[in-house]
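Given below, in the form of structure tokens, are the structures.
One chain, subunit A, links the two complexes that follow: it is found with subunit B in the first and with subunit C in the second.
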Partner chain A sequence: MELIGLANYAIFLGILIGIYALLSLGLNIQWGFTGLFNAGIAGFFAIGAYTTAILTSPHLPGRVGGFEMPILVGWAGAMIVAGLIAWPIGKICLRFRSDYLAIATIGVAEIIRLAIRTEEWLTGGTRGITGIPRPFGDLPYVQSQLAYLVIVALAVLIVYLLVERQLHAPWGRMMRAIRDNEGAAAAMGKRIEARRLQAFIFGSTLMGLAGALFVHFNRSITPEAIDPMIATFLIWIMLILGGSGNNRGAILGAVVIWTIWSVSEILTDRLPTEMAIQAKYVRVFIIGLMLQLVLRFRPEGILPEERRTRTAPPG
Partner chain B sequence: MTAIDFINFYIVPGLVLGSIYAVGAIGITMVFGILRFAHLAHGDLATMGAFFALAAVTLLGVDPWVALPVAMILAAALAVGLDRTFYDYLRDRPKILTVMASLGVALMVRAVIQVVWGTDPQTYQRGIVRPDNYFGILLRNRELYTLLAVVVIVVALETFLRKSKWGKAMRAMSDNPDLARLSGVDIRHVTVLTWAIVGALCAASGFFLGINTELHSMMGWHMLLPMFAAAILGGVGRVQGAVLGGFIVGLAEELSILVMPGPYKSATAFVILLAILLVRPRGLLNGKVL
Partner chain C sequence: MKSKITAGLVASLLGAVLFTAPAHAQNQRIALLSGISGPIAAMAPAMLEAMQLAVRHVNEQGGIGNGGRLEFVIGDDACNPQNATDAATKAVNIDRVIGMVGPACSGAVIAAANSVTIPAGVLMITSSGTSPQITKLNDRDLVFRTVPSDDYQGRALARTLKERGMDKVAVAYVNNDYGKGLADAFKDEFESVGGTLAGFSGHEAGKASYRSDLAQLARGGADTLVVFDYGDGSGLTILRQALENNFFKNFVGADGMKSDAVIRELGADNLKTFFTSAPVGEASASLDAFNQAFAAAGHDPNAIFATTSYDAAFLMALAIEKAGGDRAKLSEALRSVSTEPGEPIMVGEWAKAKQLIAEGKDINYKGAAGDHAFDENGDVPGNYSFFKVSGTTYEAIAEMH
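On to the complex of A and B.
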């Protein structure tokens, strides 16, 4: 019994790690390859989650949405809407240093949170949206969980391969050139702002996809489902610890940090209620401290970015 | 709605809120202008300052307004300490890493507040304060003191920056760091002094928000966006700009209720921020663009 519980927990953990790995990969495109500071990851995640929830959930009187569309349509919609939100923000802010993008994305996440809570006709307000379908959700519990783990793992694998391909293509080299020496890249005729905007939108669509995967796993979504600051910050520490600029590092960071975060939650939940609440904030403090330690002692992360300098072919 | 009602229900709260934002925005514009990065822990430092004052009130039993200078000194020391511990070693690396470190510091400072003081709203003094009537304009004492305190702070800071040797050094570093260093400005001292002033200003803005509303562990974080909008609206590096921006954002938030649904009040600052970045990124008073 104990063993089965443990296996179930491992599957559950694996699914969430996969979802965080997608977020971390999305951030890697923005920060790791391009140097863009997105402090509103949770906002794009929420947009993806709610978009697919509205598209695929069953109809409910008094609420627009509930179109009962196929799940894949929901996922595509989540990615498209997340990208559409990213576009104007990037358009306005990417002309300046990334500090401005950081502030603006904090704002976006806040506005999205406000809108989700307020626009009951669309999002169900604080009650949220329920009855969201899950692929293979009719199977018995364990099989259904396993099936979803396979789906998430496949999604991570596909995204990883696509991003790797893109990174090693001329596009990836161009992005890193822009990140490392903007002036030189501009002098070579690269359109800095347009390329940054591409990376920002591309990364945001992946965050939207992660949100979609989360909501179909959870089968419901409420505004309180994730704490925006803690979620955003966890993804940052995943990427920085794993190794920004390295996709395997981004995934490794998600595995390490989410395992620590999740297991430590189980431990602190066993404390008496009053201490458990305080312990939650102590964990947040430690995550914040961890970022400082990584920035100071191992800024390149566990798996540093590969710097391939190819020598010129002979002759 | 009569003119006097309009003043009492929209303009007075707007000015009080604006003066709170103004004090915070001055700090943001100083870090942005002199040290050249967006300090994302600014709001949570303001929360910490507000709770320092609460600690002085509960432990020493003093009047909140006596606790204010105590909180400002403690927050100044905290800001200098945070810089030494978490920002200073990143000095020669890309500035955006310091922005990231400050996001981590924001989370850490807030976690400490939540562990020590919990997450329930608190107040400096219990009871309802009736406003006094000044020729029809209703003002509570605390609102009057807040407005006066902001005037004192701005005048003192401006005098310091214009007249004193260190103030001039700070402005020199804001205008051109390389030139300032070549002219013999001690960057280390200017940095410490900047953080001390910024920390004290944070505490003041947090205290003013706390005494006019209530204290809450998220109060500062929610002020972050309006304060940044005010600093950028006024022009990065401009103290007068930050004050002007603060009042515009504060008034705009209170007046937004007239045209927008109430819950979106806090979206006003974001709209102002995007609009100014789109139309005039240098801000109203021609500040810097980083």
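On to the complex of A and C.
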């Protein structure tokens, strides 16, 4: 009995880690490879989430959408729309240097959040959208969770392989060149702005996909889910702790942070009630402390970026 | 490095298994979820205290079943879906709870119900999720609430205004699930009973000036403004600016506006045409008993959602007792202990209830927040009164239906 429960919890943990890993991989493309400080992850997460919600949920009077399309169409739509919205945003904002870009993207994410809360004809406003189908959602509890874990794991695997391939291709080397020395890259004829825009859009589509996976898991989406704390800053911590510039680091960061966040509570719940409640506030503190320690003692993260330093051939 | 982390993970999971070794067979465990961290952190302590008071009442008066105790585990939903599903999954799978009281915010309730408790067949009673969306959940009769949906108050207020001859009104609401939920229900009902809405607009909380919003609303020609907002927040600003600029003559608010801050800041003299609706626990022996017990425990009985939280936890305990600890019969048992016919049970009367259940007699819990006669969606109708300002406080002038 207990073991089944534990396994079931582990499955749930895996699903959320997978979703966060996708967000972290998306951010890794933007920050890790290209050096774009995107502090508006929640915005693209939300766009993906709402796009698939609108495409696949049943019809409701007074709201656009409810097309009851197949779930795969919803996911593709989520990626496409997140990318399409990232394009003009990137076009305007990517001219900024890193910290200004961060401020601009925070603003963009806030605009997206407020638009979602207000534009009821499209997003259901503050009530959100419910009744979204979950693949294999009709199976019993455990089987349904397991099926969803397989889907999420497959998505993470495919995305990881593609991003990894892209990173080792000339494209990845070019992006790192742009990140590390823009002037030199420009002098070699690389189109800096177009490439940065490319990375921004690419990363945003992955964030959109993560939003879509999240929505179908919960069968609902409400504006509370796009809180910057859990949909932007937590992902930054994951990437920095795991190791920015390294895809496995990005995934590992998601595993470590979400596990600490969730599993620590199981342990602290064994404490007397008063302390157990206080321990829940301490969790937030521990995550912050870990970030400080990593930045102080291991700024490159747990799994640092692999730098293939090849000595120049003799002669 | 990686293997170390894996080892650490395995160790902590194993630790969890050891710690959760099966409790005494007759004990029953429930989960108490609230928004301990996050936007409603200020409300959560009182809610949790009220739930724990109910558990104490149960355990002090004979416990559950044949000598078992009611245990609880507390979870933090942080008022968002991510943390709510996480806390609910742990409660259901690791702690093997039989029922769940909470989570606190509507978005958290919907997500936790959809992806955890409904698939797992666990009964959920929320004491503070007020969104009308919760009514529509396809819940296999597993989601209940002891707090009325915002729908009820909005509709009751619409009917009351129409009865009192306010046929043409403008509505300003704060754009969150509270304000929006009330405003939508109000609009729907007001138009269907033949009233005219001369303006209807939402606003964001916390702005310095709402004069342009008010001017826009006043253009419709109504002399009554209905404000769905908070009286110690932007609702106060709206009321002040509407009075200063003479945009409207009459003002009506819902429970959020029934705040002492309004009278303190604006003065009773300026508020002769200000009315509010608010839920009233039926002035009952049960409410008195709760107030007394909660104050004796050192907490403020007027804290928001304290009464509904107590009732939710107490009803959960009654249902478990009635169902004999059988998870599958829990929702049926909950309906049975909360509706007519049956011997009335007041707050704190666990021993009496336990005895009657053991004798096979029907009981009907009359809670601190009301009778909790659940409808087929698991919702409760609220009891509301219509208030005017009188001196430094509010005075009920009529019941609302």
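Everything below uses one rule, namely that the second predicted complex is superposed on the first by the 285 of 315 C-alpha atoms of A that agree within 3 Å, B and C clash if a C-alpha of one lies under 4 Å from a C-alpha of the other, contacts with A are read in each partner's own complex, and residues count from 1 in each chain.
In the analysis below, a residue touches a chain if its C-beta (ideal position, glycine included) is under 8 Å from a C-beta of that chain, and two chains touch if they have at least 3 such contacts.
Remember, predicted model here, so these are calculated numbers, not experimental data.
Legend: residue contacts after superposition of the two complexes on their common chain; A:69 is shown touching neither subunit B nor subunit C. By the document's definition of touching, both partners, subunit B and subunit C, reach A:284.
With both structures placed on the common chain, the touch criterion links A:147 to neither subunit B nor subunit C.
Once the two complexes are overlaid on the shared chain, A:302 sits against subunit C while remaining clear of subunit B. Of the two partner chains placed by the overlay, only subunit C lies in contact with A:9; subunit B stays clear of it. Within the superposed three-chain model, A:39 lies in touch with subunit B and out of touch with subunit C [touch as defined at top]. When the two complexes are overlaid on their common chain A, residue A:177 makes contact with neither subunit B nor subunit C. With both structures placed on the common chain, the touch criterion links A:292 to subunit B but leaves subunit C unconnected.
Judged by the touch definition given at the top, the superposed model places A:100 against subunit B, while subunit C stays out of reach.
A simple residue count on subunit A separates subunit B from subunit C, and the partner touching more is C.
Residues 114, 117-118, 230, 281, 284 of subunit A lie at the contact with subunit B in one complex and at the contact with subunit C in the other. Partner subunit A is touched in their complex by these residues of subunit B: 32, 37-38, 40, 85-86, 89-90, 93-97, 99-101, 103-108, 110-112, 114-115, 221, 224-225, 228, 232, 261, 263-264, 266-267, 269-270, 273-274, 277-278, 281, 289-290. Listed in rising order, the residues of subunit C touching subunit A in the complex are 1-2, 5, 9, 12-13, 15-17, 19-20, 22, 36-38, 48, 52, 73-76, 78-83, 85-87, 89-90, 92-96, 105-108, 110-111, 114-115, 119-121, 131-133, 136-138, 175-177, 180-181, 202, 204.
Taken in their complex, subunit A has these residues touching subunit B: 35, 37, 39, 89, 92-93, 95-100, 102-104, 106-108, 110-111, 114, 117-118, 229-230, 233, 236, 240, 278, 281-282, 284-285, 287-289, 291-292, 295-296, 299. Chain contact summary for the complex, subunit A toward subunit C: residues 1-3, 5-6, 8-10, 12, 16, 114, 117-118, 120, 125-128, 130-131, 134, 140-141, 144-145, 217-225, 227, 230, 252, 255-256, 259, 261-263, 265-267, 269-270, 273, 276-277, 280-281, 284, 302-303.
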